[in-house]
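Same chain, two partners: chain A is paired with chain B first, then with chain C.
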Partner chain A sequence: MATIKLQQISKSFTDHIAVAPFDLTIEDGEFLVLVGPSGCGKTTTLRILAGLETPSAGQLFLDEKDITNCEPKDRDIAMVFQNYALYPHMNVYDNMSYALKLRKLSKSQIAAAVEKAATMLGLKDLLKRYPRELSGGQQQRVALGRAIVRQPKVFLMDEPLSNLDAKLRVQTRAELIALHNKLKTTIVYVTHDQVEAMTMGTRIVIMKDGFVQQIGKPIDLYNRPVNRFVAEFIGAPPMQFLSGSIVKNEENLIFQGDGFALNLQGRGEAASEIYLGIRPENLHLCTEKTPNSFSAQVLIVENIGSEAIIHCDVGHEKIAIKIPVPQTLPKISEILFVIPGKGDLHIFAKGSEKSMAIVQLSL
Partner chain B sequence: MKDILRYFFLTAAAFFILAPFLYAVAVSFETASEAATFPPQFIPSGFYTDSYSKAIATAPIFHFILNSFIVSILVTAGQVFTCSLAAFAFAFLEFPYKKLLFSLFLSTMMIPWEATIIPNYFTIRSLEWLDTYQGLSVPFFASAFGTFLLRQYFQTLPREIFEAARMDGCGHFRFFITMVLPLSRPALATLTIYAFLTTYNQYLWPLLITNTDTMRTVQIGLAMLQWDQGISWNTTMAGIVLVSLPTILLLVLGQKQLVRGLTAGSTKG
Partner chain C sequence: MFIPPQKKSLWPLVQGLSYLAPSLLLFICFVFYPLLKSIQLSLFNTDLIGQETIYIGFQRYIDMFSSLQFLHSLWATVLFTIYTVLPGMLIALGLAYIANWQLRGIAVFQTIFAFPLSIAVAGASMIFMMLFNPTAGVFAYFLQIFHLPAISWLADPNWALISVSLVAIWRGLGFNIIIFLGGLQSIPKHLYESAGMDGASPWRQFIDITLPLLSPTSFFVFIVSIINSMQTFGEINILTQGGPSESTNVIVYSIYREGFFNLNYSYASAESIILFFIILLLTLFEFWLLERKVFYR
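So, the complex of A and B:
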């Protein structure tokens, strides 16, 4: 059982705030993902959990025990580093058993623990090899194995997949999920990749410039982003935005864009300066002008086989549309009409960038 | 063609650098009169080895070599010990005024050794260490250069290894012994060879603080050969060849490490 509680944890350096104070409770067995662009404070947060960084303020609890000023080794937390940080002069067995040796476990206990972890990770034939004799994927497993043998209360992972090639990354991602299901140990995972966050996390903490933006289940972040940043960060291609205003006409809302209008339904207030956020998969192409459609000029067509991303100009703005293939792909410079689908449309305030309402198209 | 040219220049350069030494070897096998002729004779007429026995008889050369070895080994061990610990602190530990202290440390490299020789002499004399091994070696136990060399190397070790070890429950000292030292073998070898050769070739300090044959080191011994024998060049050269042999041996054996250490950090290997 391991529950981590962060209470008003923050970290500031002389010239900037790395992590602004925030609260978070990580439940036992959770796969929590810290995600955000580089410099958002996610790694610093992880390092605070590890004890490699001391928080400037706030308290940290592991199972109700205050570990804020606890040495890393006394926390019962293991970490997998981005570049694996294997000990280059030790073979795989020694790398994996190092922590156990320091804990003065008996030789047979160590051998059993290493054997178990090595079997789980498919490293049994590599125990005598040195890190330099391993491929990137194998090194990554050893780093994982080194953490697993300790049977820690919590695993911390700092972008462990970022050094793998694309194919191996997808494979290892699935393996990590399987591993988590098997071990049921709490994992805190840092990544800048929203796909990893969405696929692996049971919960996601999304950060920007040291501030936590939103905490929630992956699907909630996707469906109910609290601000424009979250809306843009989660989902690929990101949510598209059209600026305009909302006019209230009796019970109906109308989005007034640059030369077009969309009839909306749902709760909302009139506002003069807003962004209308639409997921690219919620946009469709049509050849004729219909109500609620607007014209767009095609700039780029990216065909990735199963689907295509169409980039186009709408007035002074640019949007991307995701369409399934096969479908007749538009030509460059072609002018066509775009109509939002039945999915949610998000209204964000200009300036504060906060979510104001989630509405649908009125058919 | 390019290779031929390259090897030609390399050979020429090697010859240019080795010429004095080759000349010394040649002269050591000449007779006294051959060695004294003018213009000098570069190729000995025979294989005359008496100069060696004479050199050994005139001055206790082997005893000097032993002395030099003892002092060099002491200094090398002392430097590797103090420098690696200091470098570890500067590379891995956080403490107030670290940068300032390190600059201060480095600035001592700019003070010529000759400037401190008199105060050092008085210190050693007041300790009554004149004519002792500790007098010859202790003043060189710390080296700013060695600390700098090792610190630079330590800094190329990935910081995450330090952090991973910390999380595995490894303390500073254990980390130093089981991680830093084994991973820094090239730099340590460089420092070892450098410290050994520098000490072996020392002249002024041993000259100042030793007064008896039992404590003299090789470089002083060589000077003795010159003065005692007038100018008997073949004997002097025989002494020089004898004295150079250990250093040459060390250099040949350690060359790979030395080069690797001096260029460490330029490429990560």
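So, the complex of A and C:
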């Protein structure tokens, strides 16, 4: 039962800004994901929440209580570290019970709490083992278990899956979602992986170079990115961009690209320097030239089994197209025609990179 | 799978030995030969230039253990070890702990703390001789400030061993601090962060994280300190020459005095063999005892 409020929180070091001031309220029971490329300030933000970094300015509230200058130990917040930070000289049981021992709980209370968490995480047979005797996945569970036994108000997780292999990562991702549904505790989760952010987060904060770019539900970030960075960061393969201009012709908008034009519908203004952003799954191949299509030369074909990514040249630019398989795959150097589908097309201003309008193809 | 029998070649052995030759040569000249020679000397009567005369078996050892002077030397050595090892380690650990704080200019202190390492025993002893001076010394001055009775540091049989121990502790600090500092720096920072979030105060973090993870380092420092303290010679030779009233006549000094003043080579050899076995057994015992208590990652 915890709400966290960040008020104009920022962190700057002598030579650079790690986190620019921003406001955020994390609601009780939320699974909030901080995502962005490395160096974007997401881990610093998490460490400010943990109390391991002092913010340069701003205030931090936990359930209306100002904890800005509160010691980590007095915050009732648990953290799962990227490298787990298990105590190497303690066995699993001692690792999990350490926080409870410090709280001077009785032996039976501690045993019950550890037993419960160990059962939940499938660690019951490993309690006597030392961290060095555990696999990466098991260590990760112990780190989680150590946080769970404390029944903290908030869980902080710093890229907890990044040290696991791909298969285990997908499995643990699902388990973490299930765990969150069960515990209903507020979780703040840091990752650089947009797939983790999209699948796990109830809300996502996307950051770049210390600045928060957009805060919203995963689907909103996907459908309504506020700038080109968000559009490119969320979604795999990322949104594709064609540069050109928008001409307004009575009520119709026309996108003038490099040697082709697309008729668009929707609200928008004429602009000379723009990017047209199209999701790769919203691009289709056709064999003949039709209205609104443009020609492209195939560079690479990546067949993933259920789908294929076709990388091609359009004029001076490169785009990727995602098509379902089976479909006859084009050959390298083949020239084919590409037509956008019914989905949204995003117009971003060149320079500011901000979203100007979302339009559709006029059929 | 069938592996054909290999022709036995001496070449790898010769090659290996040739790499070892320089250090083997040094070891043989300065360790193994003197050791065997000492054992031999201790079993014979010797003349004034150290030649064996009559074989006497273990008689020298029997005499030694019934000699009050030897037992006294043994006791002085034990006391000296007690006075120097643990206090020296605790002070070094405390200073290393402080030197490990992330403060501006801390490297200056780290360097200063390591300083005793670079000062020769003679120099250190001369400095302390001045500090210990009962009338003009700094220690006397402090005693006077706090209205404490004056102490004849090096001339009082009750204080001489403690005074020499102080010098030995100070001399050992540099090395111990460097080793402890290395040990402290090898403890990952995130363990402290994690313990802090678990609710551990800085003191509990020190007890629950620092000390256990420092145990291999402490173990190493402990063994080296014991061996060092049992072999301390320079300070004693310069400051007290074993006196007053034999109070600082530790075994090493006794060996020196018997061998090079009394020219009793046989007795000196027997004493050094006993010291050798004491250190050997102590080290083996420490390994046996502490290996099970020491946490190795």
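Worth a mention:
Definition applied: the second predicted complex is superposed on the first by the 363 of 363 C-alpha atoms of A that agree within 3 Å, B and C clash if a C-alpha of one lies under 4 Å from a C-alpha of the other, contacts with A are read in each partner's own complex, and residues count from 1 in each chain.
In this text, a contact is a pair of C-beta atoms (placed from the backbone, for glycine too) under 8 Å apart; a residue touches a chain by one contact, two chains touch by 3 or more.
Computed from a predicted structure; not experimentally measured.
Superposition of the two complexes onto chain A shows a clash between chain B and chain C.
Of the two partner chains placed by the overlay, chain B and chain C both lie in contact with A:H89. Once chain A of one complex is fitted onto chain A of the other, the partner contacts of A:A50 extend to both chain B and chain C.
Contacts of A:L164 after superposition on the shared chain: neither chain B nor chain C is touched. Once the two complexes are laid over each other on the shared chain, residue contacts for A:L102 go to chain B and to chain C alike.
In the superposed model, A:R132 makes contact with chain C only, not with chain B. Contact with both chain B and chain C is seen for A:M79 once the two complexes are overlaid on the shared chain. Taken together, the two complexes place residues 50-52, 72-73, 77-79, 81, 83, 85, 87-89, 98-99, 102-103, 146, 150 of chain A in contact with chain B and also with chain C.
Of all residues in chain C, those touching chain A in their complex are 188, 190-191, 193-201, 204, 208-209, 212-213, 295, 297. Within the complex formed with chain A, the residues of chain B that make contact are 158, 160-161, 163-170, 174, 179, 182-183.
Only residues 50-52, 71-73, 75, 77-79, 81, 83, 85, 87-89, 98-99, 102-103, 132, 146, 150 of chain A touch chain C when the two sit together in their complex.
Chain A meets chain B in the complex at residues 50-52, 72-73, 77-79, 81-85, 87-89, 98-99, 102-103, 146, 150.
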